[in-house]
Each structure stands twice: as C-alpha cells, then as structure tokens.
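Take a look at the structure below.
Chain IDs A, B and C follow the sequence of writing; residue 1 opens each chain.
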Amino acid sequence: MSEPFSSGLAAEEVERSSGDQLWYLISSLFTVTIGVIGIALSLRMIFGTKIVLSSTSILPLAGLHLSSDGLSGLFDLITSIVAITAGIYVYPYLCHSKSSRTTASFIPLFVLAMLLVPIASTYYDFLFFWEAMALISAVLVLANHTKAEAFKAGMWYIFMSQVGFAMILGSLAFLSAHSAGGILIGNSVTGRTISPIAKDLVFVFSLFGFASKAGQLPLHSWLPKAHPEAPTPVSALMSAAMVNLGIYGIIRVDIKQLGAAPIWWGVLIVTIGATTAVYSALHSLVSSDIKRLLAWSTGENMGIVICALGTFEVLNSAHNPDIAQVALAGATLQLIGHSLFKSLGFISAGSVISSAGTRSLDNLGGIIHRNPVAALGFSIAALGATGLPLGAGFVGEWLLLQSLIHTLPTRSTILNVLMPSAVGMLALTFGLAVAAMTKAFGVGMLSRPRSQGAAQSTKTTAWEATTISIASLLCVVFSFNPAFLSGIIKSAVQATLGVRAKGSVSILDHITLRGVEGSISPLNLGLSVVIGVILFASITEWRIRKNTRQLDVPLWACGSNQPSAKMQYNAVSFAQPLERIFNLVVATQESLGTEHADSDMLILQSASYERTNSDIFETKFFPVVARAMVTLSRLVQKGHSGKIRNYLIYGAIGFIIVLVVAR
Amino acid sequence: MNQLLVSTALLLPIVAGLISFTFKKAKVSEAVSIATSLVLLAISIVAMTSVVDPSRVVIDGLFRLDRLAQIMLLVIGSVSTLAGWASISFLDSLILNHEFSRNPQGPPPNRRNYWALFNIFSFAMVLAVLSNNLGITWVAIETTTIATTFLVGFKRTPLSLEAAWKYAMICSFGIAIALLGVSIVYFAAVHGGLSGSQALQINVLTTHFRLLDHSAMRLGVGLMILGFGAKAGLVPFHSWLPDAHSQAPAPISALMSGVLISVAFSVILRVVSISNLVLGSSYAHTYLAVMGLASMAVASLLLVNQKDYKRMLAQSSIEQIGFVAVAASFGTELAIAALLLHVIVHGLGKSLAFISVGRVESGFHSTEISKVKGLLKNSPSVGFGLIVALCILIGLPPFGLFWSETAIITSASGAHFVLVSAGAIAFILISSIALARSVLKMTLGLGDSNSSIALNRGFLPIAGTAFLASILLGILASPTNGLLVRAAHSIVGIR
Amino acid sequence: MTNSSLIDLASAALLLSGVFIASYNDLAKQGGLLRLQGIALSALPFLMALKHNSLDLWIAGFLVLSVRGLVLPGLVKSAAKRIPAEKDRSHSRISTTTSLLISGASTIVAYLGTIPLSHLDSSSTTKASSIGLALVLIGVQILIFKRMAVGQIVGFLVLDNGIAAFGFLATLGVPLLLELGGSLDLLFAILIMGALTSRMIVKFGTTDVDELSELGDR
C-alpha cells in the first residue's frame, strides 16, 4: 500500500531537487558574472577612468551616488577575484549541502553589496551598502539556523555587527554633517572644520567599528564563530573579501578623510593590529576545527594588515613618508595575498569537509592520498598563511618588517619602544601561524585517516577540482611574481596618499625599496628554493638507491603489530605545549570522564576526554556587559511592575516639573 | 477642492461607523470600513498631487489640509487599510475560539461594536490631523481614547479589563493636562488681543505670534507637550502602551502603535512650531530632547529583559516615538523630513509586526517569547513576516527607517545635539539588539513541528503589501523625497 | 454682595469642596461634595454672564450645571449605592492628615505656578485662577491615592473641574465649541470608566485598583 505513496514522494523530491539544482546553477553563474564584470570595472577604476553614477530618484533623502578612485578599484578587484573562485564553488557546494533557495539567491547579492561599498561616494550611501552587506551576510550565516551552533554564531554576528555599525554610524554621520555635500570619495578636507577632540572621538569610534568588521579586538568574537558556520563559499567570501572592507573603511575614513593625525592614532592602530595578530594566531593554533582555524587565521592576517596601516600612519605623522609608503605597499600586498590564499583555503577545506563529512582535524587525516587535489590546494593556502617564502603571504609581511626595522632610530620615544615591540609581536605571530598551518596540513591532510569518514573520502568532482586549480594558480602566480600587480598597488597607494607621491617601492621582478637598502625578488627566491628542493630530493633519492644495504623491517608500533591512527600526533597534542604556555589567553578547559567496569574502580571500561578553548573576551568581558544591562533593565522593570499608582505618580511628577520649569 | 476633500475625510468615517453599527451583516461593515480607509488613503494622495492649497483653511478656519496633515492622512489611510483587512480574519478566529472554548467568559465578541469603534477611531484621528484649532485637536485626541478604551478591552478577559482601565486613566490624566495647556494658550491669545473664536486657530497663532505673552506660553506649551505626549507614548505618560498593546486585538494594536502615537506626535509638532515662533526653538526642543531620550532609555532598557512579545513591540513603539521626538528636537529641515519618513515606515512595519504576532498568538495561545520557537521552519509565512518586520523596525536596509535614522543622526551637527544623538544611537543599539534577539529566538531554530500556525486568508497579501510598501519607501526617492522635503519645509519654514 | 465677591465665594467653595473630597473616604459623601462643586463651578459662568451679558457664557453655565453639577455626581452616587461596601479595605493610601497637607502644598504650588499669568492680567479673577490649578493638583492627588476605581473617577472629575474653573477664572471660559466638546468627552469618558468599573466587579469582585497589577514587567 505504502509503496506508490513513497515513490510519489520520492518523485516529488527529485523534481524539487532538480529545480533547486537549476537555482544553484543560476546563483553560481550570477556570482561569477558579477565577479567578471567587477574585474573589468575595477581595472578601469584603477587605471584612471573614474566611474561616476548619480541619481536622485532612488534612495530617499540621500540619492544614489557612486564614484571611484584607485582605492575603490583595488578593493573591488580583490572582491571580484574572490567572487569568481567562490562563485564557481557555489554550485557544487550548494548541491552537496542541499541549501535553501534563499541562501542561493543571497550569495550574488552579497557580492554585489560588497562591490558597492567601496564605490559609494557619499557617507549616506556608504552606510547603506555597508549595512546591506551586514544584513545579507547575517542571513547567509544563519542559513543553517536550525543547528544550535549556527544560530549562536549568527546571534553573535548580528550583535557585534550592530555594535560596530552604531560606532560607524555615529562617527560617519558626524563627518557627513561637517563635510560639503556629505562626500566621501574625492574630498579630503573634511577633517579641517572639526575640533580636535571631536576628531579624536570620530577616529576612535570609526576605527573600532571598522576593525570589528575585520575581526579585530575587542569586537572580534563574531568572526571565528560566524565564518565557520556559514556555508563554505560564503565563508570564503566573508574571510577573503568582506573583512577587507573593514580595512577599506579604516583607510578611507581614518587615514584619508581625517587627514593629518597625531602620532597616537597610528600607535593605537598598530596596537590593535599587533595584539589581534598574536591573539588570533594563538587561537588558530589551538583550534581543531579546520574552518575555525582558517577563520582565526583571517583575524591574524587582518591584524598584520592593520599593523602595517598603523605603521604607515605613525611614519607619516613622524614625517618619514618614504618608509611609510613601504608599509602601505606591504599592507596592500598582504591584503591581496591573504584574499587569494584564504579563498583557496576555504574552498579546498570545503571540498575536504564535504568528502570526509567532518570539520574536525582530529577526525581527518590521510586526505592527500584520497583527495589529492583538495589537499594540494590546501597546502598552497597553508603555505601562504605561514608567510614563508614561496607563499602568497610572504611579500607583504616582508615589506611590513622592512618598514618596521628601518624606522629606527628616531627621536620619538614612542616609536623607539613601539616599533621593536611590534617586530617582536609579528615574529611571534609568524611563528604561531607556521605552527598552526603545519598542524592543519600535517594532521588534517597527511598521516593516517582518523575516522571512517576520512578513510572513505573520495576524489573531488571535476567542478571542484577546477575551482581549486584556478584558485591555486592565482596564488602561485601571485607568490612568485607580484610584479604584475605593480600598477595596481601604485594606484591604490597614490589614491590613499591623495597626492602624486614619488613611489618609494618599485615592484618589478625585484621589489626595491628606495630610501632604505632593501630589495628582494620573489621569483628568483622561489626558483632557487624550488631548484634547491629538487636537487636535495634527487641527491637523497640517489643516495638511497646507491645504498644497497637496505633492510625491510616493520615499523615500530609501540609493541603492537600495526601502527594505528590513534598513535599519531593529533590536533590537540600538536598544539598542547604552546597551549599550556599561553593558557591565560586561550583558556583551555579540559575534562576527563572515566567509566569503570567494577565497583573498586580498577578496571577502566571507557574514558572520555573533552576540551574546549574559549575566547576570554567572549567568556569574561561580554557577559559582564550583558549582566550590567540586565541589572539596569531589572531596575527599570521595577518601576514598571504594573501598579497604576506608580504610573500616575510619574505623570504627576512630570506635571510638577513642567510647572516649575515653565515659570 | 480643499473643502470637498476635508469634509469627505471627516464625514466618511462617521457614516461608515453608523452603517457598521446599524447593519447586522458582517460583510457590509467590513466592506464599508475598508473602503473608508482606502478613500482616506486616496484623499491623501490626491491632496499630495498639489490640487489643494496647503495653506488654505476651510469651514470657518477650523480645518486645514496642509502638508503635515496630508502625510499623516497617508499614514492613517494606509495603516487602517491594513489593520481593517487584518481585522476580518482576526474577528473570525476570535469568534471561532469563543465558540469552541469550554467556558466562554461573557458574551461573544460583537462585530458590530468592533467595526463601529474602529471607524470612530479613524474619524478621531482624521479630525486631530485636519484640525486647525487646538481646541478641536484636543477634543479629537480625547475622542481617540474613548473609542479605543473599549477596543483595548474588547476581549473581555480580566487582563484586558485591567489594560483598558490603565489606558483610560493614564491617558485621560495626560490629556487633561493638555487641556490645561490649551486653556493657558487661549488665555495668552485672548490677552494678546485675538478674538475668542480665533484665539486657538493654529494659523492665526502662527501669524500673530508676536502678540502672545512669553511666560504664559511657556507654561501652556510645556503642558501641551507633556499632555499630548501621553497619547504619543512619551515619558512620563508612556506606561499605558505596553499594557494596552498587549491586550488589544492585534489590528487595533497595529493602529495604535503605527498611527495613533504618530498622530499625537503630529499635534506636538504643531504646538512646537507655534512655540518656536514665540519662544525661540530651544524651549520646546529641550522638552522634546529630554522626553525623547528618556522614552528611548526606558523603552530600550525594558526591551532587554522582555519576556512577552506583544509588550516588546509596544516598548519598541515607545522607543521609536522617543527617537521621533529627538528628531523633532533637532528641528532642521532634514531632520523633520526624515521624521516624517520615519513615521510612515514605522506605521507599516509595526502593523506588519502586530499582524504577524497576532497570528502567532492565535496559534500558540501564549504571548511568551520563550514558548514560541521555530516559526520560520514550521509556519514560514508568519516567520518571514515577523523577520521582515524586525528588519524594518531596527532600521536595516533597504527599508525606509534606515534612511530616516541615518538622516536624523546626521542632522545633529551642533555641539549639544551631538550628545543627544550619541544617546539616541546607544539606545537604538540596545533596543535593536534586544529586539533582534527576541524575534530571532522565536523565528529561527527548530521548533515543535506540531505547532504550525494555521494560515488564514488574507495574511499573505497583507504582509506582502506592507513589505512591498516599506521596501519601496526605502528605495524610491522620486515622489517621496519631494513630498517629505516640502512638508518639512512647511513645518520648519514657518519661522 | 457684589458680583466679584460672589465669584470669590464660589471659588472658595470649589477649593474647599476639593479639599474635603480628598480627605473623605465615603463615596456617597464624595458624590454630594462633587455635586456642590459642580454647582459652584457653574456659578462662575452664570455670574460672569450677568456681568458681561454674554450668551455663550449662559450656555456654558447650563452645560456645566447639567453635566458637572447633576449628571456626573449622580452617576457617582448611584455607583456608590451599587458597589458593595468593602469595609475591610481602606479607601485611601494616605491618612486624612497627609491628604490635607498635600492639599495645602498643592495650593501653594498652584499659586506660584500662576504668578506668570497674574503678571499679565492683574484682575482679581485672573488672580483667583490659581484656585483652578490648585483644584487640578488636588484632583491629581485623589487620582493617585484613592484605592477604589470610583475614587479615581472622582479624582479625575475634580481634576477636570479644576481645569474648567481655571478656564472661567482666567479667560471667561474657553470657546463654546471646546467647552461643548470637552463636556461631551468628559461624559463619555466617565461612562466608559463606569462601565469598566462594573465589569471589574463582575470579574474581580472588587474595585480595588491595587489588585490591577497583573500586567507589567517583572
């Protein structure tokens, strides 16, 4: 009896899912198309053609005003590139996860909003697109809202993004009121009419607001929650494109519009960036969720970018424009590099996750044999994230370090203290990042599979493989030869400086720094490393072959016959020494549960181990704020407990106050 | 033309009220009432297309269809259309519930009374908006209390009775204070030499403002702002709102939250424009800033720990009207234009919110936030309606409130306004987070799959209309901008 | 007696009746005093009408006499009969002494509050308008501190009488239109409050407004 019914249901299901697939395809195509158009337009913006669009018949009270300069071009270019790779990945991801149509249709909208933010030419429109971007991304983060974790992540995101927006709204509305026509792009005299104190406040609030979008302390907690919980293409878009717009805000408003700055502004920026970099790198290291690890790494890399921007600001205030430009170029390159390797990282991680069915590093392993394309893609991304030579993150970090090192010696005490400590913190960050990525790649991709899912994971589909290849190719080309971006960097730097400054960084096949002694050639460096590795490998191989006294012996397996997956290093044990050292920051909670088979508790039947790391801001700082709000709320509630007499008394008090005031 | 439009707008609701009261057939009252609301909407649109002279007074100088009145008429017309439409199914389900309940409390709800009061309520609001005479305005505002007290107590439960009593007492108290203020203004005008019949006419007061005595006007204006503030839901007379809104039928809550408080505020705007001429802008603006900020503070803090979703929406209304008062205290043309947009879109958003929670209440039989879960999954259209309403109310793009909030904040450029706007931003932040938290808790996540709400006829088109209208108001600038700016100019430009 | 001294007498009667209403707890007595107050209030427009020979004031006088002097106090009195006596509950939250003290303070506040008005017009009636304001404040006091629903209604009526008295004393009455609309609204408001009170008896068995605290935030 039940058979026709169920087959009918199944048919309906099939029909629905094929309709959904078409929907996914369209979403994917739209995203890619927007990306392609975005690249074309942003290249035009970068190389001189200003794009201006104005209409007063849409958007009430404000009107739509778009305009561009080199800076807008740079950010739109990055977003568009990420949109293309992530956009291609949208289709296979959505098909695999059977996402809702809402999710599918919001992805292209998200890209569109992100592309519009940098070209909004008035404060109003900037705020509009900014908040639209936040709303759309919140919807996407909440795509899996029926999962408790995703719901929580979405709530954190909404909460932080509203706090950040309130700060941005306050400061930008003030600037808008004090600038002619509320123009944001192409008018840098805004700051001159405001009193210094107001300017300081505007700076601080907008900085914290924008920094929150880039996942910086203290409003960072949303990032490591929301990015992992979002659908993977969205994670890629958020981590590789949306966070950049926080940086855009800082450059556009705090550096460009507010103009000449006291030295402590730069110091504050460097402090935020460097602290976040170390903090996020630590958390990245102790994460055992692969997406969470990547998300923390995003915070870390944005911290480096912000540190570079702060260095630029400090050096500018200290009248050292040549080296300031080095820092700015470093920020730009780091930004581009990060976007390339992070989108690659998320896409290949996504592929790994969908084939192995788990996000936990402790359940992965052995991927390189079963899903080699994804593992290889991930390795390229991880290399980029370490900031080592040959990786996409190398050049930017090198430039930043150069600028920091060459600042010394100056007359300012602050700088003499700040710069070396920044170098120290960055060095620590790089070290931790190397460890984190080694862990992610080593534990997740190499070694033996730790779960059935990992053991049964299969090759990627051709579609996914194509995506990963394209993203990897971009990464490799960028890391070996950033020279082809020199025009773009130059244009962005000049747009930031506002004047046609003479370039102190030339990025050809060699990156040469004028004013300080320094040059580097990533291509030559890369080639020599590659040749070195090949040589080393061949020599080793040759020596092994030559050696005839080879013996085949079984691997030592702690006394058992076969080494099992449980004997290898796992994500937790890898990070454990560092976790102990930095326990104050990563706040590890461990719990060991044991069950015994006998009443004397001598025979262990089973044991369980649980471990969580918590974000101290999330567990210590925000609950205090929340409790304070609730206490205040209780107080007000006491006055509104339902007694009509109290209500009438409030009115009577108001009445008497008016009688007194009006006299 | 002015006279025709004004008299139609005033007479039609009365006629509709009489028809609804006399005819037994529910269909007739429904049709007549909704048609009346639509005609009010049409009148406002016709008036806006500049066939009327906004400065002309009609019928012995008692009424005037000026730009503010046109916009308020638009709000009344649109929201009462939505509310009337939603009332049909509301009454159906209420009567159905009554028939099926084991021990019905009291007689069944009476459709005739409902529709008659509904129309009287509309009439009183139209009267308040069109009146050019402070006395008539006062009578109209008092009439809204009389009409809505029974509507608040319509469900005849003990709780609704309590709400109605509080509503009647607090509002009557506030309105009485406003009457004292009106008397004092009359005193000042008569002593300034105006004739008794003209002494309360707003246009006469604004032209002859130099005749008015300062100290008397200070008292009169202060009392009027305080008193009419009671109907607007401003501190210190704000406490009736959550009680009344949580007990009133959902469509009536929509009308009260979406329109009534704005209508009362438009009266305050008129008082303020007189006061600005006589006393300079700082006097009334200080009242508005203080009362506005206090309302925002109280409401947003109450929202933090709110457990009841209907009270939550009411408190959000207090917060919004507080923000409107803050906007009025800035007093620039931009701020006033934004304020008007705010009022229009808030009306739509609040109606959508109340109509949606009305469905939720009828499905879950509880107004506790914690009892409701997984709406989006189990009853997608209601969940979606509620989420959209949330987005409208907390001022997210692309809805109109985003623009009004941004513009209002931007218009605070002077030194002491910056402090006020900083406070306003903080309270908006608190309330929007609190609101988002509660609404998302209700809508998202996995709910009990048995608890899906039976969808009734009309919900989707009503919600869709409100959604579309508020999105259009957030995106199109072409007709709205001109209207808003002209209206703001006429309000501010009296100076 | 001259016209103006009669006006003074009526004003004094208004204030005194207000003070007594505030200090009494017996509804029937309050109703009687309210009637007295209404009649004293209607005396104001009548006396002024004699002096100024104005038709509007005559009409206003009759309106006040019928609504505030007869109908509304009558309603209160009938309510007092209908409502079961609740002997075990005190009718006021404050003692008679406190009530008298507050009334006195109200009078002083009212006097101070109307100083700006008497600067504008030094006629004796305008000076007496502080009595109106004092009555308003006493009304507020009753509204706040009476426990029974009808007591609150009485307070509201005293408040409204105060406003009307203020209007007559300060400016020879507000325009007839406003007076008419105001009286009508007042009548309706009181009728509605009365209806709610009878529902309260059915639903709660008491009219103690302190029992009405189910709704609220806690």
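Definition applied: a residue touches a chain if its C-beta (ideal position, glycine included) is under 8 Å from a C-beta of that chain, and two chains touch if they have at least 3 such contacts.
Please read these numbers as outputs of a predicted model, since none were measured by experiment.
Q: Nearest chain to the global Cα centroid?
A: B
Q: Quick one: which pair of chains has the most contacts?
A: Comparing chain pairs, contacts are most numerous for A-B.
Q: Nearest whole angstrom, what separates the Cα centre of chain A from the Cα centre of chain B?
A: Distance between chain centres: 44 Å.
Q: Where the CA atoms of chain A average out and where those of chain C average out, how many Å apart are those spots?
A: So the centroids are 69 Å from each other.
Q: Would you kindly tell me how far, in whole Å, the mean C-alpha position of chain C lies from that of chain B?
A: 31
Q: Could you tell me which residues belong to chain B and also touch two or more other chains?
A: 165-166, 169, 173, 215, 218-219, 242-243, 302, 305
Q: What positions in chain A touch 2 or more of the other chains?
A: Expected reply: 636-637, 640, 642, 644, 648, 655, 659, 662-663.
Q: What are the residue numbers in chain C that touch two or more other chains?
A: If we look for residues of chain C contacting two or more partner chains, we find 113, 116, 140, 143, 209, 212, 214-217.
Q: Inside the complex, what are the residues of chain B that reach chain A?
A: 165-166, 169-170, 173-174, 177, 215, 218-219, 221-223, 226, 230, 235-237, 239-240, 242-243, 298, 301-302, 304-305, 334, 337-338, 341, 374, 376-377, 391, 394, 396-398, 400, 402-407, 409-413, 418, 421-422, 425-426, 428-430, 432-433, 436-437, 440, 444-446, 473-478, 480-481, 484
Q: Taking the complex as given, what residues does chain C use to touch chain A?
A: Result: residues 93, 109, 112-113, 115-116, 140, 143-145, 209-210, 212-218 of chain C touch chain A.
Q: For chain A, which residues are in contact with chain B within the complex?
A: These residues of chain A touch chain B: 56-63, 123-124, 127-129, 131-132, 135, 142, 145-146, 148, 151, 154-155, 158-159, 162-163, 166, 169-170, 173-174, 176-178, 182, 198, 629-630, 632-637, 640, 642, 644, 646-648, 650-651, 653-655, 658-659, 661-663.
Q: Of all residues in chain B, which touch chain C in the complex?
A: 133, 135-136, 138-139, 142-143, 145-146, 149-150, 153, 156, 158-159, 161-166, 168-169, 172-173, 176, 179-180, 182-184, 186-188, 190-191, 196-197, 199-200, 213, 215-216, 218-219, 242-243, 246-247, 302, 305-306, 311
Q: Taking the complex as given, what residues does chain A use to touch chain C?
A: 636-638, 640-645, 648-649, 652, 655-656, 659, 662-663
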